[in-house]
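Labels for the chains are A, B and C, by order of writing; each one numbers its residues from 1.
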Amino acid sequence: MREVLTVLSDMLRKGEITSQELTEKYISAVEEVNPQINAYVHTTFDFAREGAKKADEMLKAGNAGALCGIPMALKDNICSDGHLTTCCSKILRGFRPYYDSTVWSKLKSEGAVMLGKANMDEFAMGSTSESSCYGAPLNPRNTSHVTGGSSGGGAAAVCANIAAYSLGSDTGGSIRQPASYCGVVGLKPTYGAVSRYGLIAYGSSLDQIGPITNSVKDAALVFDAIRGVDENDDTSVDYNYGGPSANALTGDIKGLKIGVAEEYFDGINPEIKDAVMDAVKLYEKNGAEIINVRLPILKEAMPVYYIIACAEASSNLGRYDGIRYGYRADNYEDIDDMIYCTRSEGFGREVKHRIILGTYVLSSGYYDAYYKKACILRNNIIKRFDDIFNTCDVLIAPNAPTTAPKLGHHGASAVEMYLSDICTVPVNITGIPGISVPCGTDKAGLPIGMQILGKRFGENTILNAAYFYEKTAVSPVKEYEGGVRI
Amino acid sequence: MKYEMVCGMETHIELATKTKIFCGCTTEFGGAPNTHCCPVCTGQPGSLPILNRRVVEYAVRAGLAVNCKINNNSHMDRKNYVYPDLPKAYQISQFDEPICEHGYIELDSGKRIGITRIHIEEDAGKLVHEQGTTYIDYNRGGVPLIEIVSEPDISTPEEAREYAEKLQLIMRYVGISDCKMQEGSMRCDVNLSLRPVGTTEFGTRTETKNINSLSNIVKAMNREIERQEDILESGGHIVQATMRYDANTDEIYPMRTKENSDDYRYFPDPDILRFTIPQEFVDETKANLPELPSAKLRRYIDDMKLPESTARDIYKYRRVSEFLDDTVKKGANVKNTANLIIGGIYSTLETEEDKERFDIKITPEKMAGLVKLIDDKKINKNKGQETLMKMLESGDDVTKFIKAEDTAGMSDEDLAKICEAAVAANPDAVENVRNGRDKAINVIFGYVMRETRGKADMGKVNKIIRGLIG
Amino acid sequence: MALSKEDFDKLAVLSRLRFSPEEAEEFRNEMDDIIAFADTINNAVSGGTDDIKNTSVNAVAYTALREDAVRESLPNEKILSNVDGSRGFFNVKRCVK
């Protein structure tokens, strides 16, 4: 695997290239490649050039961090002051936040260079990024296939080397699943490890920002830069990781207790199952202990997830009324009518679906049967995972039942699409961290992803387990031939 | 048929914190539109609320002051409804775990009005409609409120008024709000229904919202009772509705009903952690509560022996009562102090608001300095009042207006001499008094007061003069 | 359970969304599938407690809450930067269809 950030950081620090030169390379690459894959929906090249200039000054001054001067992308739901941030929804057309998200503010102060905002499912609601109002991003591995979602644009940009890394958000798998479809690394941190301030909310108790990168080491470096308690996010946690996670990567997995639950493999494409089980064997061969665990509760996770996510979304998305930002309908009778028209015209189909479902499960008469029940089951799932992590250090599972499907494939049934998230949602329900690493390709050459899950704030353990695999496995996925190659 | 009223009240009180409930914006009243705002209180996408600790502390104080039980665990809920003054389309409030529950307020009659709960929540912004355009200002959006919900224990409009008045005074005493109904920092909603006397089932109730003065509570309720009586008498049914009382026309009418019956879809706000209120903190707050209005009134009447009307005139303004207490602590006589406040200071404070604010130039120390001269009979009450007015004007100490020689003791012989001179100088008056026109004696008294510059003890003067006139 | 037309209409009002009759019908049918899917939680084997609060994070003592100290508000131009404001206000003009 290519440790892009380490390499670029070294080059920048040694003066082999300036951030401004590197940024121009990336800008050219975006201009060349993006029309083929639609990974970026807004570019901020002038801002990137300014950022690069500042980064060069920091580099010259010798106080630059690991990410200084390196061009990257933010998902289109992460706010940055003065730049379009639209959640790929018509309803946020033209919206420019007037404040920085905490993650961007941290990266900016480290000298990060933002190239633009990456494509995604509208309001992060989807698994293919096809609900974007700007059209779907295409999988650089095969452009007739989806990137996955919802952080599809960010995964595609990293895969196609038109962003050195990107930040995505993961509510039910939205970082890990597109990372696996595109053959890159995606880390969904522990709920509370990274501030959500400035992340436009979908499901507030599930959302978490995390990196999409070319390698595990890169993921650790970005995680180190963005994590930490934030006075602007009550749910952020002051956790002491005992130093940078990037320093915790030893590749030593001797004695690591790896849990494998057969329920995670139910209905999984055999090619994927084999690839992941091969990986498990590789761990075992190198001194890890494999423990078979049972997770019958897993099948409850999907409806629990959709009920909670949609309930929160229906409330979070109430604010898009055309009054303070974004789209406003052209024709209306009065203010009430304006709100109806704006919302009916501004939201896409899938978003309306989830708003209606969320409203339904919270409405009087149904609250107990759906929302409350889902919360109770959620607690049970949390307890079950706690139990498992009392005996196991990590869990290994596939990332998705299939590799990246063809564009338009999921159009048929909403429920079918929901079920494709089965492997990823338990992590969000329980708040634990999960990482997706490439683990081979299927017959069609599409990447397969393996998921490694850990206990809350167990990022170092899962990163190290992933790092071992990346170092040890034989060429899990080939490099994309395009974009900025180093 | 005769009907009786069943009524409960919901009272919203804006808390006097420095900052809003979920962000650091100021709560200061006024300001140009949308200048006390930030991403949080305007509901910018991606912004998150951070609960203000003082809001919790104030709610605990409010609850303890009205005999509530404080929940040691609490959390915030979202109340979802769409309205342009509510920027997130949900109000962050509390549903099933309010900070306070099960309290009461005791009326003068001894009757208790139960308090169901007190919870914290955020205020909405302000809408202005002008020629077809709606203008929206979010300066008030996010200002912290407590909502105090009473039991349906109120039986007359007068009880409702007294309940609200007591609540207002208590909240002012514990210092959590100025409770100005005109400015909207205290707003009352009245839930009211009628039922035939002797029955126990509740009738259909209406809610009259945002009544903006104590006297309007009574007026609005009287109108609503009449309205409901008329409907019931003519065989009609009361429709559950939200009413608005127009104080200018003294009319009550139903507000435009919304398309849907409200379904607020409360659920715990995932952005805000549950919080605990340790019992030690509750106990400490309770121990540190200031003397409450009812206790103060009892003390004024029972311990300090003030006449009830005087005691009430003082205790109903927190700052005044504190001023009185502090002045008495400095050694002044309570009755003389109270009389000077009511007879003197109040004459300079025209409105209720002025009295409530009690923005005067003299300190309790200075006040005590003056009152003690009266207590010691070194000056008389008239002189005291006159001097007080001068002190209130300039803020100066009493010594600036009354010199030491003015208050130096006057021997009885000196006083007798002056009295003799007064009688000699006013033969007409003496004649008149002897002829039974007793009022004429004031002319002679006036002479003595002029000569003694007001420091003569009128009791003695009266005795001497009458002796001389015979 | 299937979603009645009345129920759907009520949800649409609460959500401030409008649908054409055809759209509503199509949506309602799809919603039935989704609700049936959501209904599967009612077959869930696991029992549970009644405490639904605090699913992902622990409670904090009130002392950890934000201190009541003023932070400067943003200038009005920023607050209104995403709209055509008027005299410092957000505004919605009436306009005729």
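We take it that a contact is a pair of C-beta atoms (placed from the backbone, for glycine too) under 8 Å apart; a residue touches a chain by one contact, two chains touch by 3 or more.
Since we're looking at a predicted model, the values are computed, not measured.
**Student:** If you connect every pair of chains that touch, what shape comes out? Choose line, ring, star, complete or other.
**Tutor:** complete
**Student:** Which chain has its C-alpha centre closest to the mean of all protein C-alpha atoms shown?
**Tutor:** Chain nearest the overall C-alpha centroid, as shown: C.
**Student:** Could you see whether A-B or B-C has the larger number of C-beta contact pairs?
**Tutor:** B-C is joined by more C-beta pairs in contact.
**Student:** Could you grab the centroid distance between chain A and chain C? Build each centroid from C-alpha atoms only and quote it in angstrom.
**Tutor:** Distance between chain centres: 23 Å.
**Student:** Approximately how many whole Å separate the CA-defined centres of chain A and chain B?
**Tutor:** 56
**Student:** Whole-Å distance, chain B centre to chain C centre, using C-alpha means?
**Tutor:** 39
**Student:** Scan chain A for residues touching two or more other chains and write them down.
**Tutor:** Within chain A, the residues that touch at least two other chains are 95, 98-99, 205, 231, 235, 314, 318, 321, 323-325, 335, 339, 359, 363.
**Student:** Pull out every residue in chain C that's touching 2 or more other chains.
**Tutor:** Those would be 10, 14, 16, 52, 56-57, 66, 74, 79, 90, 92, 94.
**Student:** Of all residues in chain B, which are in touch with two or more distinct other chains?
**Tutor:** 39, 42, 50-51, 80, 82, 84, 134, 136, 263, 265, 270, 273
**Student:** Could you list, by residue number, the parts of chain B that touch chain A in their complex?
**Tutor:** Where chain B meets chain A, its residues are 39, 42-51, 78, 80, 82, 84, 87-90, 134, 136, 263, 265-267, 270-273.
**Student:** Write out the stretch or stretches of chain B touching chain C in their complex.
**Tutor:** Chain B reaches chain C through residues 17-19, 23-26, 32-39, 42, 50-57, 73, 75, 80, 82, 84, 97, 128, 132-138, 259-260, 263, 265, 268, 270, 273-278, 281.
**Student:** Name, in rising order, each residue of chain C that touches chain B in their complex.
**Tutor:** 10, 13-14, 16, 52-54, 56-76, 79-80, 85-94
**Student:** Contact residues on chain A for chain C in the complex?
**Tutor:** Against chain C, the touching part of chain A is residues 94-96, 98-99, 191-192, 205, 231, 235, 237, 296-297, 300, 302-304, 306-307, 314, 318, 321-326, 331-335, 338-341, 343-344, 347, 352-353, 355-357, 359-361, 363, 369-370, 372-380, 382, 413-415, 418, 431.
**Student:** For chain C, which residues count as touching chain A in their complex?
**Tutor:** Residue list for chain C touching chain A: 3, 7-8, 10-12, 14-19, 27, 30-31, 33-35, 37-42, 44-52, 55-57, 66, 74, 78-79, 81-83, 90, 92, 94-97.
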